[in-house]
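Listed next: structures, encoded as C-alpha cells.
The following pair of complexes shares a single chain, subunit A, combined with subunit B in the former and subunit C in the latter.
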Partner chain A sequence: MSDAVDLLIIGAGPAGMAAALAAAPSGARIALLDDNPLPGGQIWRDGPHAELPPKAREMRARLDACANVRRHAGCKVIALAGPKRLLLEDAERGWLLAYDKLILCTGARELLLPFPGWTLPGVTGAGGLQALIKGGLPVDGERLVIAGSGPLLLASAATAKARGARLGRIAEQASLGAVGRFASALWAWPNKAWQALELFDATYRTGSHVLAALGSERLEGVRLQVGKRVEEIACERLACGFGLVPNTQIGEALGCALSDGAIRVDAWQASSLADHYAAGECTGFGGSELALAEGAIAGHAAVGMLAEARALWPQRQRWQGFADHLNRAFALDPALRRLAQPDTLVCRCEDVPLSAIGGRRGWTEAKLSSRCGMGACQGRVCGSAAQFLFGWQPPAPRPPFSPARISTLAKLADAAESQAPDLSSARTPG
Partner chain B sequence: MSEGRAADVIVIGAGIVGAYCAHALARRGLDVQVLDAGLPGATAAGMGHLLVLDDNPAELALSEYSLQRWRDLAPELPEGCAYRSNGTLWLAENPEELAVAEAKHAVLSARGLACEMLGAQALRETEPELRDDLLGALKVTGDGIIYAPNTARWLLESDPARIRRQRAEVVEIDGNRVRLADGTWLAAQAVLLANGVQAGTLCPELPIVPKKGHLLITDRYPGKVRHTLVELGYVTSAHNATGPSAACNIQPRPTGQLFIGASRQFDSVDPAVEGWMLAKMLGRALHYMPGLGDLNAIRSWTGFRAASPDGLPLVGEHPQRAGVWLAVGHEGLGVTTAPGTADLLVAQLLGETSPLAPQDYSPQRFFGDTAHA
Partner chain C sequence: MPELLLDGRPLRVADGTSVAAALALGGDGCARTSVSGQRRAPLCGMGICQECRVSIDGVRRLACQTLCRDGMRVETRP
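Here is the complex of A and B:
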C-alpha cells in the first residue's frame, strides 16, 4: 500500500497550477492536490455561476493534457506521517503518500474580524460572498454593502453586481490618501490600472468601516463609520473582509520557518527546509500574477530546471513591487480592534463572546476557559481574529490539520512501524 | 529582601489537586495563597473521567471516597463544569475478561457500590454502537465525568475572601518559604506542593516521572454513546510496565462529542502528537466500536501524568523538608482523587483524624527511615 510521487504540490490555485505546469516537462511523477473539486484556487473558483477567464481555462486544459500530473480533487492533508510522507483524505479513502520534493501552494484565507451583529444570517466574508455566488447563491435584486479592506472588496462587488445585486456601498477602511497613493502608482502595472477602473464603483468610500450589522433574526442594515460621521444603510447582505491571512499551517507543521506570518522562501522559492518549496499567497499576499510567477519558479526549481526558473525572476520582481504597494496602502487601522463589544461573539462555532476571553493571558488560556477555537473550524477564524485583536500567537498546528475520519487517522499505524515499539495493553483506563 | 507572611498556607499549583486543596483549606477557615506559573498541566489535558479503580485496596479506598465527595458536590457545580453521572461500562470480550468483570463486580458490590453485570444482549441494547460479539460488561453506575479546568477555576473562585491567586513561578522552596522567579520570598505556616508533573523541578528527591498520554475528540454526534466505555483487556494481556501501551476509552461529552483515550508512554517528554501512537490508540477504540471509523475527529493533543513508582499519590508532610507538604503523583486518576487528596491533607495538616488511612499515601514510603527531626 505504498503510494509515492517525485513531486507533490499542495494547493491547485494559480500558484499550484503554475508549479505543476512548470515541472511537468521534466517527466517527474507529479501529484497536485486540493480540497476543492476543481483546480483554480480562490480567484478561479469554479461553480455554476463562475465565469473563468481564458487564462484559467487554458491552464486547466494544459494540466489535463499532462500524463505525468495526477490530480487529487476534494483531498485534504490530515497529518505528517514520517519523513517526506503525508496522510491524505478524500471522500473515498484515507491514505499515505510519499514524496521526494514538495511545493506548498496553500494560498490564503480571509481575515474576518468580529463586530456587533457579524454572526447574523446575511453577513459573510467579502471573498466568502464571491465564492457563494460562484457556487450558485442567488443575489438578484438584493441590497448589498461590502466593507473591510483591499482590492478583494472590488472584486467581490463586481461578481455580485454581475449577478444582479444592488450595491449600496463599498466601505474601505484605508484613508483616501493611502488609496490615492496606491492608485497613482498603478501606472507601472497597466493591466492592474485597467482592472481597477473596470472594477471601480461609484459607491466606493475610503476612511470608512463597519460598526455593526443591524437586525434581529437576520440582517436588515449596517451601521458604518464614514470619516467622522455615522451612517446607517438598509441592506439584505453585508460582506466584510479585512485582508488575507497566509495558510501556513502545513508548512509550520513540517518545520518551515516563517517570517511576518508567511512561509519564508529564497530566490528559488525554497523554504528553510531542504526539498520543500512554497509559492503564492502562503508566502505573503501578492495577487494572482505574483502567485503564477512564484509557482512557475518553484515548479522549475523543484525539478532542477534552474535556468528556466531564473528567467522568471524579473517577472516575479515586477509583481512583488505591486504587492508591496498594495500591502502598504491597505494596512489595517488599529481602531478596528475596538469594534467588538463585550457580548460580541468571537468564536462562532462555540458561541464565545469577547468578554469571556478578553481578560485572558493568551490563546491557550482563553481556549481552555471558554472553548474558544475548539469547534469545527479549529480556530481558523477566531484564532486569526484574536491575533489581530490581542496579539496572541496561535499555537503550533497539531494533527488532524482538518477534521478527518477516525478510520483515516488509524492509517497512521502504517506510517512508522519502525518508530513504534511493541505495544501491550494499557494498565489503567484514564 | 522583604518577606511577609503571605497566608496560612501557600499552595503551589492551581490544577485540580491544588485547587481542591485550597478550597478545602479555605472551608476550614485558613487563608490560602495559590501560586501558579501557567505551565501546561494535566488538568487541562486529561479526560476527567471520575471512576472507581480497584487495582489495590488503597486505590479503591481513595477513589471510592472521592467519587462520593464529587457526588455530594454535584448539586453546587455550575453547568460549565459539565459534571455528569453517566456511569462506566467495563467491556468483556472473552470469557477471561468476563471473569475479571465478575470479580470486580463482587469487590465493588461487597462495598455497597452501585454496579451491575450486563449480559451480551443487555449490553447491545444499552450501547448499540459497540461491536455485537462482546460477552457483556460491568456497569459502575456511580462513575461520572467532569470538565476539570473549569472545575478547578470554580473551586478557586469559591471563596475570594480566603483564597488569593497569583500568577507566579516558584523557583525555590526553603521550608515554609518560597522564592518566586522575580526574586520575592513568600512565607506561610505551610507550603503545599501541588504542581503535578513539575514536582521534581522544585523537589528533585521526589520519585515522579512523566507518563505521556494522547487524546482525541470528535465532532458532535449526540446520543451515539451514553456511558464511558473502557476495555478490560489490560487485565488479561501480558502486562508491560515500561513500554508504550494503549487501551480503549470512549467518553461521551455533554456536547455530543466523543472523547477518545488512552495511551501511555514513559520514554517521552515531547508534547507533540505522535501519529503511530495516536493510531494505535484509535485502533483499540475502533476494535470495540467499528462505526467510529466514519466519524470526524476534530482535534488531538497530549498530556503528561505525574506517575509515582506504585501508582498512588504522595499526600502528606515531606519527610525531609519541614514545613513542606505534598499532594503530587496522581498519575491518571488525579481528577477523580482530588477531593480525597484534599481531605487527607487537611486532616493531617490540622492534626485531625483522617477519613482515609494516611500511611497508604504517605510520602514516607519512598524515603525509608530518613525523616527529618
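Here is the complex of A and C:
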C-alpha cells in the first residue's frame, strides 16, 4: 500500500502544529505524524492529569478544522524507502508514504546520565516524570527529589506537586552565580520571568547534584552533593534530567547536515538537503515560543509563502535570544562525568557497566566489544551519555530507527521492487 | 473507564490513562525484566529509552506511548 502527500511533517509538538497551520492555507495535501497517541509534543502533552494551555487547545481546534491536514497518531518512522519516501508503522499496519516536501519537527529528548542506582524502579527523567504524571501516573503522597539541570526541573516539580507529591529537594547542578545571572536577565522576556516566579520552589538548591540513587529492589532514597556537603534524603521517586538532546536521527539518515549536534537550518528553516526543512528543538533547544515561530516559518516557506515566513523572523530572533541565554546559564559541570562507578550500568538495554567501555578509544570499539548501544533504544540514551562522559561521537542512525514488526519491514521489499520511485506515479491513488 | 488485564489481574483505569501509568496503578510499576534480571520501570516517559516495553495482546509495545483500551492484555513478565 503506497500513499503520497505534498508536505509531510514529522512531529506534532508546537513546531509541527505551527508548521501544519502555516502551510494549510496553501491547500497542499499535508500529513502530520507523531509517535505519541495525542498531538502536543512533550510540553503540551495531553492526558488524564494534564492541563493544556489555551494556546495548545486553540491550535488543536484549528488543526481539526483543516480538511487538507491528516493526522497520524501513534505512528513511527521506521526506515527510508527510496528518495522522498519513508516506511511508517502504527499499531495496526506498516506502510510507505511519499512526499514532495518534508519538515522535521522531531523535538528533543532528555540527557540522562548514568549514576549508581539509576536503573532502580522509581528513578525517571525529570521531563520523563512530568510526562508520566500527565499520562495518569499516581504520585499522591510520594516523597520526591528532582535533580539535574535547567528550567524543566521546576516545571516537573510543579506538575508533581499539583498531583500531591511531597517535594523534598530540587537539586540544580548549575552554580548560584550562573542561575542568578540567568534570572536577573529574564526581564527581557517578561512572560518567562513570571513563569519562573510561579514555578519557584523553596527546596531549590543550586550547585547540587545527585551522587547515587539508594535502594535494593526499588528506590528508597537519594544521596546528593550539596555544595561541599553530602546529604541523604529518603524518597520514593527521583526525577533526574541534565538538559535536552536534539532528536536528529531521521534528519541525519536523510542526509541533513548537523551543527553542534542539531539539524542545521538557514533563515527559511531549510536544511542542507533540498525540500527538507527542520524546526523546533531538533534544530537546537529553545523552548515552545521559539519552536512555534520556527515551525510557522518552515510551514510557510515549504509551500512558497515567503513573505509570511519573513514576517516571523523578528519573532524568532527574540526567542532565539532567550534560548542562547538559557543554554549559557545551564552548562554542565564536568564533575558530572565522574558520577558513574565501574559497576554502574551505562547501557540499560544490554546491561553494560562502565568498566566494560571505559578506556575504549571510541563508540565503535566500545560497541563491538561490549554490545553497548546495540539494544532496543539504539544508543539514544547511552550514546548521548557517552558523548558527555568521553566525548565520543554518537552512533550514526541505522534503520530500523525504532523496533518494528517483520510485516512492516517486508514493505521495504515492495519499495525496492518499484525501482527509482517516481513521485508523480506514486501520487495516483490506489 | 477501560478495564484491562495486567499480568492476569483486572484493572479499571480512567479514560486516556497510559499503559505506563497503569503499571503503577495496578502493579509494581515495572514494565520488564532486564537481560541481567533486574526489574525496570518507565524512565524517559516519551518513547525514547524503550525501558517501558511490555507485551500488549502479544505484541511488544511501549507502555508510555500506548493508551489503555478495554480488554487489553498487558504482560510485564516473560
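Methods note: the second predicted complex is superposed on the first by the 415 of 430 C-alpha atoms of A that agree within 3 Å, B and C clash if a C-alpha of one lies under 4 Å from a C-alpha of the other, contacts with A are read in each partner's own complex, and residues count from 1 in each chain.
FYI, a residue touches a chain if its C-beta (ideal position, glycine included) is under 8 Å from a C-beta of that chain, and two chains touch if they have at least 3 such contacts.
Owing to the predicted nature of the structure, the values given are computational and were not obtained by experimental measurement.
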item: Touching partner for A:Lys101 - first (subunit B), second (subunit C), both, neither; value: neither
item: Contacts of A:Pro403 with subunit B and subunit C, given as first, second, both or neither; value: both
item: Which of subunit B and subunit C A:Pro138 touches, first, second, both or neither; value: second
item: Partner chain in contact with A:Pro121 - subunit B first, subunit C second, else both or neither; value: second
item: Partner chain in contact with A:Arg361 - subunit B first, subunit C second, else both or neither; value: first
item: Touched partner set for A:Val381, first subunit B, second subunit C, both or neither; value: second
item: Partner chain in contact with A:Ala81 - subunit B first, subunit C second, else both or neither; value: first
item: Contacts of A:Arg109 with subunit B and subunit C, given as first, second, both or neither; value: second
item: Touched partner set for A:Ala413, first subunit B, second subunit C, both or neither; value: first
item: Subunit A positions touched by subunit B in one structure and by subunit C in the second; value: 375-376, 403, 405
item: Contact set on subunit B toward subunit A in their complex; value: 38, 40, 44, 46-47, 49, 51, 53, 55, 149-150, 153, 167, 216, 218-219, 230-231, 233-234, 237-241, 243-247, 249, 260-264, 272-280, 282-286, 292-301, 311, 331-333, 336
item: Residue ranges of subunit A touching subunit B (in the complex, touch as defined); value: 79-82, 87, 361, 364-365, 368-369, 374-376, 378, 398-400, 403-407, 409-413, 415-417, 419-430
item: Subunit A-facing residues of subunit C, complex; value: 13-18, 20-22, 24-25, 28-30, 34-36, 38-51, 53, 59-61, 64-67
item: Residues on subunit A engaged by subunit C in the complex (per definition of touch); value: 35-37, 42, 46-48, 74, 91, 109-110, 112, 119, 121-125, 127-132, 135-138, 217-218, 247, 348-351, 375-377, 380-381, 403, 405
